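There are structures below to look over.
Below, chain A partners chain B and then partners chain C, in two separate complexes.
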Partner chain A sequence: MNVHAMNTQSQSPDDGIRAGDLLMDVRNVSLRFGGVNAITDISFNVRKGEIRAIIGPNGAGKTSMLNVINGFYTPQEGTIMFRGKERRGMKPHHAVRQGIARTFQNVALFKGMSTLDNIMTGRSVFMKRNLLWQMLWHGPALTEEIEHREKVEEIIDFLEIQHIRSTLVGKLPYGLQKRVELGRALAMEPSLLLLDEPMAGMNLEEKEDMSRFILDVNRQRGTTIALIEHDMGVVMDLSDRVVVLDYGKKIADGVPDAVKSNPQVIDAYLGVEH
Partner chain B sequence: MLYRTAGQFKTSYHADHALFPVRQDAWLLGVILVCAFVVIPAVASEFAINALLIPVLIYALAALGLNILTGYAGQLSLGTGAFMGVGAYACYKIITIFPDLNLVVAIALSGFFSAAVGVAFGLPSLRIKGFYLAIATLAAQFFLVWLFEKWSWLYNYNASGAIQVANVDMFGITVAGPNAAPVTQYYFVLGVVAVVTWFAINITRGRIGRVWKSVRDMDIAAELVGIDLMKAKLSAFAVSSYIVGIAGALFVFLWRGAAEPNLFDIPLSFRVLFIAIIGGLGSIMGNYLGAILIVALPVMLGTLPGAFGLTIASATVEHLNVMIIGALIIFFLIVEPHGLARLWAIIREKLIMWPFPH
Partner chain C sequence: MAATASAAGMTLDTFPKYLLLNAQRFGKRPAMRHKDYGIWQSWNWAEQLAEIRAFALGMQAAGLKKGDRVAIIGANRPRLYWSFAAVQSLGAVPVPVYGDAVAEEMAYVLDHAGVRFAIVQDQEQVDKIQSFSDRIPGLTDIIYDEPRGLADYDPIGLHSFADVKARGEAILAADHAAAARWELNIREASGSDISVMLYTSGTTGRSKGVMISAEGAVRAALDTATFDSLTEADSVLAYLPLAWVGDHYLNYAQGYVSGFCVNCPESPETVAQNMREIAPTFYFAPPRVFESMLTNVTIRMEDAGWIKRKMFDAFIAVARRHGEAILEGRPVSITGRIAYALGNFAVYGPLKNVLGLSGIRVAYTAGEAIGEDLFSFFRSLGINLKQLYGQTEAFLYVTCQVDGAVRSDTVGPAAPNVDIRIGDNGEVLFRSPGMFAGYFKQDEQTAATLTSDGYIRTGDAGFFEKDGQLRIIDRAKDVGKLRNGKLFAPKYIENALKFFPNVKEAVAFGDGREFGAAFINIDMTAVGNWAERNNIAYASYQELASLPQVYDLIAAHVDETNRRLAREPMMAGGQIKRFLVLHKELDADDGELTRTMKVRRSFVAERFAPLIEALYNGSSEQFIETEMTYEDGRKGVIRATVRIADAKTYAPQATEGGLAA
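Now for the complex of A and B:
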């Protein structure tokens, strides 16, 4: 059933932005829930083709930041420029259409569906045949289904999950569920992939596998990645640039080595007397 | 042995996307269809057709409609009976206004009315979920039944307040009304039900089916993979109510022959919901199994004492019936809470392994 080895370049979404140019620019974003300042005046950018890590202690506002980026929360202040355009009043399903996909901290798969169906759901945005064609099944709807099935099989091959293709994801072990979730996000062919703790709760071997997949996605598919992760070893090895948040504020931004030796970052992680 | 899948390889996605990847399933369906279309009409008595077969098919169709909404899209609804009523009254009015219209066309059109009403009462689903949504759909139940009673235009200003099906001819054959032959009606219902079921299978296994299931399993994640929740939920309400409406039209035109407003009251909604739950939510076949259990079994149990030569007062038979069916429902729900369809799936899995379970 395997399809031929994928053409590595064809997968890279062509959006007219060259590698290294700004893909997303977050400008002075603040997010409040009542009296709680989840995010205060944060600015940072993501360049095309890089792996950008967002780190910080618990409750620093990392996940809120991702939720702002993909339109789940609307910030009270600040703007987000994506592909050079400002985004306003965005709903999450619009973010996907613009090329932002994400995975979740707690696995958010469709438990009653097979691995294949889960990843196929990620292709829904690209599938156009309406109810009438779907009713007939044979003809255009089936052609479209198989066309997308081929793309999905490429992802299944890429993530090495062929053996669980038709298993209900609710029955899969945690590490594989995380992988299926990555597959579903990849199926959306994002130009920016947001990963919320892709390695949380994994053992060393699973972490190594997942790191390899993240690097492969970045290099072979040219997907820009922004990830949240607590494992500092992983973060420092994988990412090109790191932004550090603490209590909703940005305290450092730069290449891993610079961030690692930043005294404010060390204080935030080790704690300091106030 | 019978169900061995060894040696059945798929060499294309086309083959893998077939309705029955396992050959034996296709044969089984073939046998059932031959029975339904050829054997049963030849063998069954008029009583069996009228009291067993036609209602089973119609209830299964209504449950199928509800299952699309509740089992596939995860939106609980208690308004099924009222939506069936909308289909029935719409069909009645269409036939009144265009007496020469083909009945199939009239029934197909009446589905659009119930779909529109279903979407209107589905709007709360954008805000509320679960049991609260069920209560909101209950409003449809009360409002629509009240409307059927009060809006006399709907029943052509009859003194009785009920709708009465006149004889309807199709290609020179009477298909509905007092003069219609049960076998004709059976074939009519079977044809409609088979076609709608085939459409429903196709929708649920394609893109739209996946979209519905994703909304059911985790609506937040569905939104974040680019699914428009509003569209997904309302399309489920539309398709579901369309099918339920058709079932309602068949219910009155091909089976009951007449209907009063209170026929479409809550007990009907619950009956259809029970069929869907006991048959298995999220399954197409389950609706048929559920309908057989809930609709056909009481009738068959009722004829049993007579068959054994026992004379039991009909009231007693009725009571026994209720008790036995109630016990069976509890039994099946304890044995398999996911319904008869899951029970069959487990049996089938075992059969594939049998007789070498390792």
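Now for the complex of A and C:
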């Protein structure tokens, strides 16, 4: 059997939302840690099929925002609508089941496992057979494993990491580890993919590669992406819409060109004399 | 082996005819494998025929006609290999083009060849061709293998391979006679048609389109396949550039006449892994591949525990003593044999397995001279590594070594049915079955290459040793003289330098000068590793190359080379008096190397003229500013002050042999 003949290209799951419609709506969200206001009254939305960037200077509350979306933090005020339903107080694994996957600012992979195994862990949410079946190995568990392996191989092919399929992740250079992490997130077939500083610590070539993969994920697999990024150049090139945070408040929201010329954004980034 | 004689009522003088034959005689045997999605996908000859037939009919429907030229661009992938046969089956001519060529080079070839179609691997090539397509009005359609990234492109004149093939399949389903007509067309094709047009790598000026006739190509391939007794049971890993005569000959031509299986690696980065999985029986690699294999082995052994290291050293010594004798069936003492068998179990076997060489029956190297140590290292492990000498104009083989009579400094006697003679100026001339039908649209060049009695001038200077093996010294036009009249063969000196693992590339100068001098490129892997071991910090190639410790290291190599040259009376005059370590790696993108990684000496001399001047005016350092091109075509400038070092030379020693040209 030749794979060329099969059409196994997986898409993000059909969640009944048409491209361009609201996938996620964040309404008046505030998050406090004790007396510290990490996020104050922020509203923005993510449309299906777009690349949405969240930017801001250090400490602006970007990662907190991502953790709120992800369900890791529960905001004290405000609501989050995801796929048309309101949700509150959720554990990260519920977020995954709902179709949200993420990567981390500092790579969070299993360093002692191979690339293949790391990406396979992304499929674990879909594995239905219980421990007993898994221990028996043959039969349904094996069939299931093969199905998932196919999906994982597609991702490996997609991200062009065939040559490191069986290399331990801990031995890989940083740029490739980031790519493996993206692979693991893709394996969850998310309808919303959250990327926390996907280019942090990369050299120019690695950044260009990563940008290309992010665009491909978005265009070819139809995955909606929300990303946090420091590198303004990358953000402006990649994203369809940008929301800018500063000191936990939203100061701008719109297409890259509009945001770029917004005086408040320029002040936030370059600083102003007080 | 079925010779050119008729089978199934046809004279076997084209590759598509062999395709039909192989589908009959080896129908169930694997013809092609490709690792994809982590699994070796495989097609047998019958399936391969079906793939090619459908694609060919699709191409015919798209307007491909007899005599058209079709560019084939990309990596070693089944569909691109099938394209060759599909194009040939319609009487059109495939023109493989180097996929990594910069846009301008590619534009020149496509324009010169007058291609109508281009069959390419992926978006990269589509983008490249579209960037200059307005200059090539004759090129109407591009067919791509991998659809990734191409969804949003203007579909006019752009088709996927799968769509073209589907069109062919629809024709086959609708018209039952279509397949028979296609086969008849193949059977009626003439062997005098052009089978393929291969562009030379352009070591000297613009690349030229070498036209190879079908009959000549088949005969040459049959000769060498018989010479090395290749059969359908053999297998090869297809990793050489598709556009190079070597790949087309060794994998495509020999594959079709002998019916063996061609294995395409998963990606260029996985070649080593895939090689291990496939364990090919026939293998070709330029010396630099063997060099990097040995470098990697050496580095890994240095990191191994001392028991392993001792065992490795001890058994490699045994192999050096007895290995080649055992390989060639010469008498070896019983203790030697036992020691070698133990070594084979403990070291050579596992080592060959790791390198993917455990299945090798015949291996060749060519293109550059290979160091004696390097050559005998692989042979002593029991790998039947031989040398050949060839040219695009010959459709590869001119000479090849016979099993059992193999040496590192010669390239063997004439290949079967090849006539060789040495011209008055020392130039090697030959006539062979696969020799070209001429350069495309360059009759003057063709006439200049041929002698009046139909021999091809190779441009290489060489001579026959007493045992009938040919020895190549240098490009005929590069062999020059020092100001004192002594012979100066730059490539000979460069090769002597390159035998050191730390030296990646060397460029020697001396023609018309007072003494020999050289530019040296260090090998980043080997020297980088050495620096790490010796706690020498460096940030870049440029910094590493300029370190005084590195200069000392290279100076020792230059000294060793001079001692060696001093032992050969003809070459002793060319010893290196002054050298420098170049601040940048020579690169094909900057035009300093050809696409087959050969140094373009005159170009380098022009580009680094201030450095050459400094070599000869006695200064101890020189500032230089060089423009360089990135892969995407952008330009940058690299500046450096390069140190120039002196080397000791030795008085010539009269010893045995040497050159007696």
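As a working rule, the second predicted complex is superposed on the first by the 263 of 274 C-alpha atoms of A that agree within 3 Å, B and C clash if a C-alpha of one lies under 4 Å from a C-alpha of the other, contacts with A are read in each partner's own complex, and residues count from 1 in each chain.
What we mean here is this: a residue touches a chain if its C-beta (ideal position, glycine included) is under 8 Å from a C-beta of that chain, and two chains touch if they have at least 3 such contacts.
Just so it is clear, the model here is predicted, and its values are computed rather than measured.
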Superposed model, chain A: greater residue contact from chain B or chain C: B
Which of chain B and chain C A:His163 touches, first, second, both or neither: second
First (chain B), second (chain C), both or neither touched by A:Asp41: neither
Partner chain(s) touched by A:Met135 [first = chain B, second = chain C, both, neither]: first
First, second, both or neither for A:Asp216, with chain B first and chain C second: second
Partner chain(s) touched by A:Glu150 [first = chain B, second = chain C, both, neither]: both
Overlapping contact positions on chain A, where the chain C interface meets the chain B interface: 1, 149-150, 153
Touching residues (chain side chain A, partner chain B) in the complex: 1, 70, 72, 91-93, 95-97, 101-102, 104, 108-113, 117, 120-122, 124-125, 127, 129, 131, 134-137, 141-142, 144-146, 149-150, 153, 184-185, 188
Residue ranges of chain B in contact with chain A within the complex: 10, 13-14, 16-17, 199, 202-203, 205-208, 210-211, 213-214, 216-218, 220-229, 235, 239, 282
Chain C contact footprint on chain A (complex, rising order): 1-4, 149-150, 153-154, 156-158, 160, 162-163, 165, 216, 219-220
Sites on chain C touched by chain A in the complex: 35-39, 41, 43, 148-149, 151-152, 162, 266-267, 269-270, 273
